[in-house]
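Both complexes shown next keep chain A, but they swap its partner, so chain B is in the first and chain C is in the second.
For the complex of A and B:
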């Protein structure tokens, strides 16, 4: 016990399963839970769609809601849930000194404008002039702000008054890994006392799917659990919309204000395997070794994406460690990109807090029956970057 | 070796390498010569047609091989060139740098030319879904990589042998300063004895220009491009969109001294404060900017009266310059009238994600060379802004400490305090 231990005191979750910690815990501990899927709208791709959300519950002003596209709204909403859960929301003294790291990609482009420009490009050779014509007249001026990566954090400052500091990390799953790693390091070193960390991803947009599919990463054909997509048509990823935010505090800060502690965040590891050089399998295995896994049956909440090479590397590393029981939550939520690692750490914290594991999310996952005092969270990026964290019981 | 720790007992962070590219040229030498002779890099846009555009000037970097290859390729090349210069100066290995990388760069989107090309190689009447069909059949990852947010840092880490997972970040116009802050913090925590901080921005596409135009943020003084960026002037009418990069090799002073490296300056303090007022406008009372300046001074362990020169954010927008003046006069009181404050953006425009890094690099050179770069185009002073802006021509002055400000859209404010020698 160290006053600068990093403890998790607030969790905000949104996925196709619903919103909030209770709903996620209840559903994810229901054996045989079926995923919520939309197989029609983006066929041949399947997505895990957003649930019904009453944005007013976390974003009181309609004006603020209008200034954001769905991705920013979703992140701002999930951040609000985490602040609420930690009992910090609306506490001006705590929010105005709270540091924030958001893992973000970009927001949604205006599909109607893009479609019109593309259609016109079929009959025009002066495409640069066409762009100027259309973009100057048809873009909504404020859309830019609704797309900008750092404006998710900006909106969280505006809506929830979190203003200690604001940083946005970019770079797919790795952004979420680095966000948690540096947030934890800042608390451990005394550079910060309480932080809001997380991300969101809104998958239900052609451009978001295009981002994956230019690399051939999307799974096609009938839905399969995340571990069972090797050899299936496409690249293995089924995406989802959702978000995950965590409130991290130093133990001293949390105890002084009487905050409820879900779990302690142990070591957070990050890595950049040189995948084009064939180092992925060895690097993933080395990361498991470096995580300092306890010599006992261990639950591992995996952010595996389904992408063939990365998921296979993780599967191999898990298979070689018979005491690991992995839970690939993307089976039930879809791939949430920047939010994957925060989501994994959140689910790990819930398991530690409830002193119970999750049932297997598909038939291939090993059973886990014990009380999880430590839970591993993993994120092997679908294209690059890797991370892990050990989440430990609060006391 | 007792003086390698700061006022809080943390490792002092030295700068042992600096690299830079702007519209004024590649490298510190050319940039410094231009910046101290009051030369503007702002010029008419030639990269794309300017039909329909109300702003037709910029500070784009048009002389690199990637200048017409899209934002991702150009941002990489800008970052690579600056990092190369900085690492070479530091004396560390160019392919085995051995420290973490922090990259400030713009958000990535599929370039319109690539979008057109994907679309028009597919079939299906006006159906945007055909983008996905064509994408599915691509046989190379080149396009994919241009739209991944982590790819530029991934390539840079590979190129220079940076350690660990490279961090790509955005705090809008404060990004470059945040990259430096992350490096400073990592060294202070003892995680590394050296770090590479880069700010790079090659994203001045037509769409980027139009987006800022629609927000009424850009100067439309098209007729005399060199005169368009006029920070602190009464007739300032917006910023000039620009590109560029800068890289700093940050190193614990202890490590720098031990290996006999030349210490180019000290990163004494970093401060930040977010604004909750509005998505593009700063709080009218400037309280977040004031808090960021004060946080940087406190982190540096310096009182206000120790700052000898200020490298302003100075964007040339009506609002920023007014707000920045209010912030500075609040923090420094009457003394602000006698502290020189100049804006590099008067010459190179606003390089967005790179600006904080470029301005930190220029601040360090200002101290080393004993010359203050001017604020050019200061022909019509704003009477409401009483500052010594080092008008129009550079000035010889020995400066031991500098404050550099970066204030971003979305309310992200970061300030850096640098010193010529350890204090």
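For the complex of A and C:
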């Protein structure tokens, strides 16, 4: 044991299944759990919608809520849950020295303004003037702030008074992998003692779905579990709204303040396969080899998106390792984009903490019966970037 | 039909956390109501939309900063509403 081991002491989760660690653990360990789906609102696309959330519980000021859209509220809310869970929320000394790394996309666009600009551009040729005109007259000033990626971190600072250093990584699963990789490295090197790390994604917004569909990534037609979408109509991803934040601390810091330790965060690995050059399968396989998997039955919490090529590569690598029992949680939560990897690591930590695995989330997943002392978390990005982390028992 | 004052008071109450009953014609939006600069941007945006005008907020702020006008002149509710009425009248002229 090392005083600079990275330990997980707080978890904040929101998904279509509900909010908090207890709800997620109970639901995800219930065999045969059915996903919460909304098949009508964005047809032909299915989404896993947000549960009912009382934002006031984590974001007390209405003015703060108004200056965010759902994505930033969701992240700020999940961050608050994690701070609460770690027993840090409202502790001025701990929050003011806490560092933060956030994985972010862009905020929701104002669809009415975008639509009005497009409509007006059909009848006007001075489009540069038109753009400025609309931006200065139609866009609510603080709504612009709601679209800035680094203002999720900004709002967490304002609402929860987490005011140490702050960094934001942008874009998809890779942002979540980089956030955790960086946070862990800073603690291991002694640059930070406690950190708030995570991300959120609001999928119930047309422009967010458009972002996937421009690349042809969304699954169409009847819903299927994440591993069973190859060959089905569309690109394989069913999105969900949710968020995942973690409180990471050095072992020494956590023990000194008497914090509850869920698990130790082992190596965090990342790769950037050049997929157009056909490197994906080999890169995913190499990442599994590099993760230093123990020679025993091992539970893997997989953030597989369902995107055909990436998911197929991960399935092949898992099939070649018969002692791995993977659990593709996107079957039950949908793809949470930037929050995928923090969510995977959180579920891995819960399994280690409870000394029990998750039942298969669909019929294709191998059974796992043992006590998981180590759990692998994987995130093979739907478009690019690959990451893994090994989550280990607390002591 | 509601008056300019009633409309502006409603915009302020909807935008910030101020109880509409505490807003009077004599209230100073910054000193008495405590509206912060970010909220004020949204309030002015909503006023522009409501009345179909463009409040020259930058010009007003500049005049205050230059010492050419006191904040009361623009930011006490009664005066603010009078300025809005002038802008509405100018638009119709």
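The working rule: the second predicted complex is superposed on the first by the 381 of 395 C-alpha atoms of A that agree within 3 Å, B and C clash if a C-alpha of one lies under 4 Å from a C-alpha of the other, contacts with A are read in each partner's own complex, and residues count from 1 in each chain.
The rule is short, and it goes like this: contacts are C-beta pairs under 8 Å (C-beta built on N, C-alpha and C of every residue); 3 or more make two chains touch, one makes a residue touch a chain.
Since we're looking at a predicted model, the values are computed, not measured.
With both complexes brought onto chain A, simultaneous placement of chain B and chain C is permitted, the two fitting side by side without a clash. Once both structures are fitted onto chain A, a short way to say it is that chain B and chain C open up an angle of 60° at chain A, using Cα centres and rounding to the nearest 10.
By the touch criterion defined above, A:171 reaches chain B but does not reach chain C.
Of the two partner chains, chain B is the only one that A:128 touches; chain C does not reach it.
Applying the stated contact rule after C-alpha superposition, one finds that A:118 touches chain B and leaves chain C untouched.
More residues of chain A lie in contact with B than with the other chain of the pair chain B and chain C. Shared-chain residue A:106: touches chain B; no touch with chain C.
When the two complexes are overlaid on their common chain A, residue A:36 makes contact with neither chain B nor chain C. Once the two complexes are laid over each other on the shared chain, residue contacts for A:62 go to chain C alone; chain B is not touched.
Of the two partner chains placed by the overlay, chain B and chain C both lie in contact with A:141. With chain A used as the common frame, the shortest Cα distance separating chain B from chain C works out to 7 Å. Across the superposed pair, chain B and chain C both touch chain A at residues 67, 137, 141-142, 145.
Of all residues in chain A, only 61-63, 66-67, 137, 140-142, 145 touch chain C in the complex they form. On the chain A side of its complex with chain B, the touching residues are 45, 67, 100, 104-106, 109, 111, 114-115, 118-119, 121-122, 126-129, 131-133, 135-137, 139, 141-142, 144-145, 147-151, 153-155, 157-158, 161-172, 174-175, 177-178, 181-182, 185-186, 189, 191, 206-207, 209-211, 213-216, 218, 234, 270-272, 274, 383-387.
Of all the residues in chain C, the ones that touch chain A in their complex are 15-17, 36, 38-39, 41-42, 45-46, 48, 54.
Residues 48-54, 105, 107-110, 112-113, 115-116, 119-120, 126, 128-129, 131-132, 135-136, 138, 141, 143-144, 147-151, 153-154, 157-158, 164-172, 175, 178, 182, 185-186, 188-189, 191, 206-207, 210-215, 272-280, 288, 408-412 of chain B are the ones that touch chain A when the two sit in their complex.
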